[in-house]
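Presented sequentially are two complexes of subunit A, the first with subunit B as partner and the second with subunit C.
And then the complex of A and B:
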C-alpha cells in the first residue's frame, strides 16, 4: 500500500482535491432544494457529480497508468489484483468522496437541513467508485496520453449529456438526482435501482477488462456482456418514469393537528413553524367559507391522491402569510386538462388563482403581482377579482363553475369569457 | 539445502500467442523438464534460447500451457501465492514507478510480494544498503543512472527473504566497477537460497557459481560444474569460457 506521504507527493488526486472540493461546494450553492429537507438537499448535491466524477476518473486513470508503465499491473505478485487496484484507487476515491461530502454539507447547510439522505450518499459513493474503476481500467489498458483525457471526458459526457436526452428517464441511469425532490417527495427506488445497476455494470466490466492474463477478445466480450446486461436491467427499472426520480413521500411522516375543525397535516420540516402555519391556514379556510367558497375540511402537504374535501398545498420556502395563501389558492385549482398543448381556456387558471387568493385575504400588494391586463373579451385580473368581491355569493359560484369549466376545455381558438356577471 | 525447496520444471510446454492471424505460434518449451541445482546457477544461452522465458515461467510471470513449475510442495498450477512469496525476481528490463523514490519503489515491491506495510520501508532500506544505494534512498528512481536503476531492481529482488532468487541479465548495462560490486552481492546472498542467473557474461564463472547450465532451443544442453564446463574448451584456448560455450552450441546458434 502506498504511504500517505508518498500519495500526497505524487498523486494528482491529492494535488487537486482542494480546488475540486471548493468548486463542488460553490456549485452546490447554485442548486435549489426546499428549505430544511435533507433528502432534497443531498439530491441537489448530486449535481456536482459531473465535475467530481470527471476528476476522479482522470486521477484514477493516472494511477492506473502509473502501474501500467512500471509493469506492476499483471506482475507476479503475492498481493491480489484487487488489493493492488484498491491501493492505487484509494487516493482518487478519497478525494472524490471529500469533494462530494463538501457539496452535500454545503447543500444541507444552505437550506438549514441537518440530516443527509444516506441512500443518496451511498449512491454517490458508488458513483465515485464507478468512475474510479472506469478511470483505473482505462489507465491500465490504454497509454496515459489517451486514458487520462478519456477518463475525464467519459464521466462528464455521460453525466452532462444523458440527462439532456430523450426519453427523459434515461437520466435516472446516471445516479444524478438533481430533479429530486419537492418536500412531498422522496427518491424513487426505481431510479436508485437503475443507477446502481449501471454503476455495478461499469465496475464489473472494468474488473473484467483489467484481467490482463485473459485473452483480449474474451475480456472485451465479457466486459460488453456484463455492461449490456446491467444496462438492460437499469433501463427496465427506469423505463416509463418522468423526468423527476421521485415518489410520494411516506405520509406517516406528516404531523396532523385539528384547529377549529380544520385538520392540518405538515411535513417534519415545517413542524417548527406550526405556530405560524396553523393559524394562517385556518384563517384562509375561514375567509373562504365567508366568501362562499367550498372550503376544505383538511389541508395537507402530501401531494398524492387525497380524499374529497382535502386540500394539498405546496408551501413555499419563505413561509409568509401571503405565501401560505397563494400556496392554498394554487392548491384549489383544478388539474391541468391534459390537452397536449396550450388552450385558450388556460387563462382561467390565473383568474381562479387570483380569486382564491383574494378571498383568502392576501395583501393587495401580493394580489397586484398576480394581475395582468385583460383583452378584448376579459377585464384585467384585478378588475375581475374586485367585481367578484362585490358580487353576491350566487354570482361567485356561477363564475367559479364557469371558470373551472373553461380551464378544462381543450379549445384552442375561442376566447373564453371570464367577465363577472353584474 | 532441503531438496523439498528445489525449483523444477515438470513437463513444461510454453508458446507465445500469435500476434497476427495466420502467424505460427512460437514454441519455446515442449515438455521441458529440469530441476534447478541448489546453490548459485548460471544459465547461459544464445539470444532467443528462452532464458528470459524460463525465468519468467519460474517467477510465474508466464504460465505454462502444459506442465507446471514446482517449488517444493508448491506448483504454478496451484499454490501460486505460496510460490510467489518464495521467489525474488530481478527482471531483464527495469521499470521505474513514475514519481517513486528508490526507497518507495523497493518498499512497494516488497509490499506487493507480501511484506506488511509497516515493515516494507525497513526492508527496503536494508536492501538498498546491501546494493550500495542507501544514500540514494530518497532520490527519484527516474533520476538515477542506468546502473543505479539495475541495483534498485536487485534490491527489489532481495528486499524480502526468498528461497529462490532469479536474476535476468543483472549486469547488463553496468560498468566494470558496478559489475564487480554485483559479484560481491551475489556471493553475499544467503547460502540457503537457490540463485538462478541468466547472463551473457561468462567471466569469473568458477568464483561465482556452483553450476553452469546451457539452454538452447528449449532444452538444457549442458549442466555441470564450472570446471567441467571450462574443460570442454579446446586446450590452450585464450578465452576458455567462450570456447566451451561454442563447443556446446556449435553452429546451431
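And then the complex of A and C:
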C-alpha cells in the first residue's frame, strides 16, 4: 500500500476528497425523502452517485495511467497484479466511500432518521468499486489524455442520462435508487439484483480487460461475453418494473390500535405521533358518518391491496389536522380510470376530494385552496361543496355515486354534470 | 509533415470530427435531460461538444515536446492551427448544419465545442496537454450537477453551455472563452511546463 504522505502528494483522490465529500453532503440536502424513514433517506442519498462515481472513475483512471506510463502494469513483479491494482484503487475507493457516507449521514440527519438501509449502502459501495475498476482498466489500457475524461464521462452518462431514457426500468440497472421510497414502500429486490448483476459484470469485464498478458482478441471477447451475460441477467431482472424501484412495505411493521371502533394502523415513523394522529383520524371518520358518507372501519398507512372498508392514506411530512383530513380525503378517491389519457370526467376528482375534506372538518382556509372554477354547466368546487353541505343525506349519496361514476368514465363525448340537485 | 500528422493522430481527429457531425444530425441529438435537482437541463448535443477537445488533447499529448523544440518545422504553428482549425471547424460546421435546418441542436453543440476548446487552451500552460481535456469534462459535470438557474429552463449564468438555442449571452460567452483561451495559450506556449510534460 502507498504511504499516506505519498498518497496526499500524488493522488487526485486525496486532493479532492474533502471538496467532493462536502459537495455530496450539500447535494444530499436537495434530495427529498419522507420524514423519519431511513430506507428512503439512504435511497435519496444515492442521488449523489452520478458525480461521486464520475470522480472515483476519473481518479482511478489517473492511477491506472500512472502504472501504464511507468511500465509497471503487466511486468514480471513478485507482487501480484491484484495487489498492485488494490494499492492504486484504494485511494479512489476510499474517497468515494467517504463522499457517499457523508451524503447518507446528511440525508438521514435531515429527515430525523438514524438507521440507514444497509442493502442500499452495500449497493452504493459496490457501485463505487465498479467505477473504480472501470476507471482503473481504462487508465491501464488507454492513454491518460483519453482515459481520464472517458472514466469521468462514462459513469456520469450511465447514471445521469440512462435514468432519463425509456423504458423506464432501465434506471434500475444503475444502482441509483433516488425514486425509492414512499413511507409505505421499500426497495424492490429485483432492482437490487439488476444493479448488482450489472456492477459485477463491469467489474469482471474490467478484470479480464486488464490481463495484458492475454492476447488482445481473447481479452476483448471475454470482456464482451461477461458484460453481455451480466446485462442480459440485469435486464431480465428489471424489465417490466415501473420507474420507482419499490415494493409494498412489510405490513407486519404497522402498529395498529382500535379507537371507537375504528382500527388505525401506522408505520413506525409515525408511532411517536400516534397520540395526535389517532384522535384526528377518528374525528374525520365520525364526521364522515355524520355527513352520510360510507366511512371506513379501518384506516391504514399500508398501500397494498386492502380489504373492503379499509382506507389507505399517505400522511404528509408535516402532520397537521388539515393535512390528515386532506390525506384521508385523497385516500377516499376512486382509482384513476385506465383511459390512456386525461378524460372530461376527471374533473370529478377535484369535487370529490373537496367534498370529503369539507365533510371531514377541514378548515375554511384549506378548503378554499381546493377551489376550482366551474364551467358553463358546473359550479365552482366551493359552491358545489356548500350545496352538498346544505343538502339532505340522500342527495349527497346520489351526488357522490354520480361523481364516482363520472370519474371512471372514458367517454369523451358527454360533458360531466356535477351540479347538486335541489 | 507526415510525422507530425502521425504524432498528432490527425486521422483520428478527422474521424472524430466526422463522427460527431454524423451523430449531431441523428434525431436523438435533440434529447435533453435534467439529471440533477440542482443541475441545468442539458442537451445531448453538449456532450458531443466534448469529443473534439478530448481527442485533440490526446493527439497533442502523444509526442515528445522536448524533442520537437529542435524541429525545423513550425510545430507550434501547426499545433495551434490544428486545434483551432479542427475545433473551430467542427463548431462552425455544427452551426451551419443548424442554419441549414439539418441539425436542430447544431448551434448548441457548436457553442459547447468552442467553450470546451477555450477551456482546454487556457488549461494547457498550467496542467499540460495530457490533462487539459479533463477541465472541460469537469466543467460539463459541474453544469449538469449544479448549473440550475432561476428555473429548470434557465441555467445559471456560468453554465451557459446549457442555455437554450439562440441565447445571445451563451454564444458571446462561448466566443469570449475561446478567445481568452487562445490568448492565454499563445502568450504562455513557451513555458517550461510544456517542455517537461513528457
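Everything below uses one rule, namely that the second predicted complex is superposed on the first by the 421 of 422 C-alpha atoms of A that agree within 3 Å, B and C clash if a C-alpha of one lies under 4 Å from a C-alpha of the other, contacts with A are read in each partner's own complex, and residues count from 1 in each chain.
We take it that contacts are C-beta pairs under 8 Å (C-beta built on N, C-alpha and C of every residue); 3 or more make two chains touch, one makes a residue touch a chain.
Please read these numbers as outputs of a predicted model, since none were measured by experiment.
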Original post:
Putting subunit B and subunit C on the same copy of subunit A, do they fit or clash?
Top reply: fit
**OP:** Look at A:79 in the shared chain and tell me whether it touches subunit B only, subunit C only, both, or neither; answer first, second, both or neither.
**Re:** first
Original post:
After lining up the shared chain so the two structures overlap, which partner does A:218 touch, if you call subunit B first and subunit C second: first, second, both or neither?
Top reply: neither
**OP:** For A:153, select first, second, both or neither according to whether it touches subunit B, subunit C, the two together, or no partner.
**Re:** second
Subject >> Touched partner set for A:54, first subunit B, second subunit C, both or neither >> reply: second
Subject >> subunit A-centred angle between subunit C and subunit B, computed on Cα centres after superposition, in steps of 10 ° >> reply: 50
Original post:
Touching A:271 in the superposition: subunit B (first), subunit C (second), both, neither?
Top reply: neither
**OP:** Considering only the touch criterion stated at the top, classify A:369 as touching first (subunit B), second (subunit C), both, or neither.
**Re:** neither
Original post:
Does the superposition put A:143 against subunit B (first), subunit C (second), both, or neither?
Top reply: second
Original post:
After the two structures are laid over each other on chain A, how near do the C-alpha atoms of subunit B and subunit C get, in Å?
Top reply: 10
Subject >> subunit B and subunit C contact sites that coincide on subunit A, given as residue numbers >> reply: none
Subject >> Residues of subunit A touching subunit C in the complex >> reply: 27, 30-31, 47, 50-51, 54, 58, 143-146, 148-150, 152-153, 156-157, 159-161, 163-164
Subject >> Sites on subunit B touched by subunit A in the complex >> reply: 17, 59-61, 63, 81, 84-85, 87, 89, 91, 93, 95-100, 104, 107-108, 111-114, 117, 121
Original post:
Any idea which subunit C residues touch subunit A in the complex?
Top reply: 31, 33-38, 44, 47, 50, 54-55, 57-58, 60-62, 129-131, 133-134, 137-138, 140-141, 144-146
Original post:
What residues on subunit A touch subunit B, complex-wise?
Top reply: 1-3, 6, 9-10, 66-67, 69-72, 75-79, 84, 213, 215
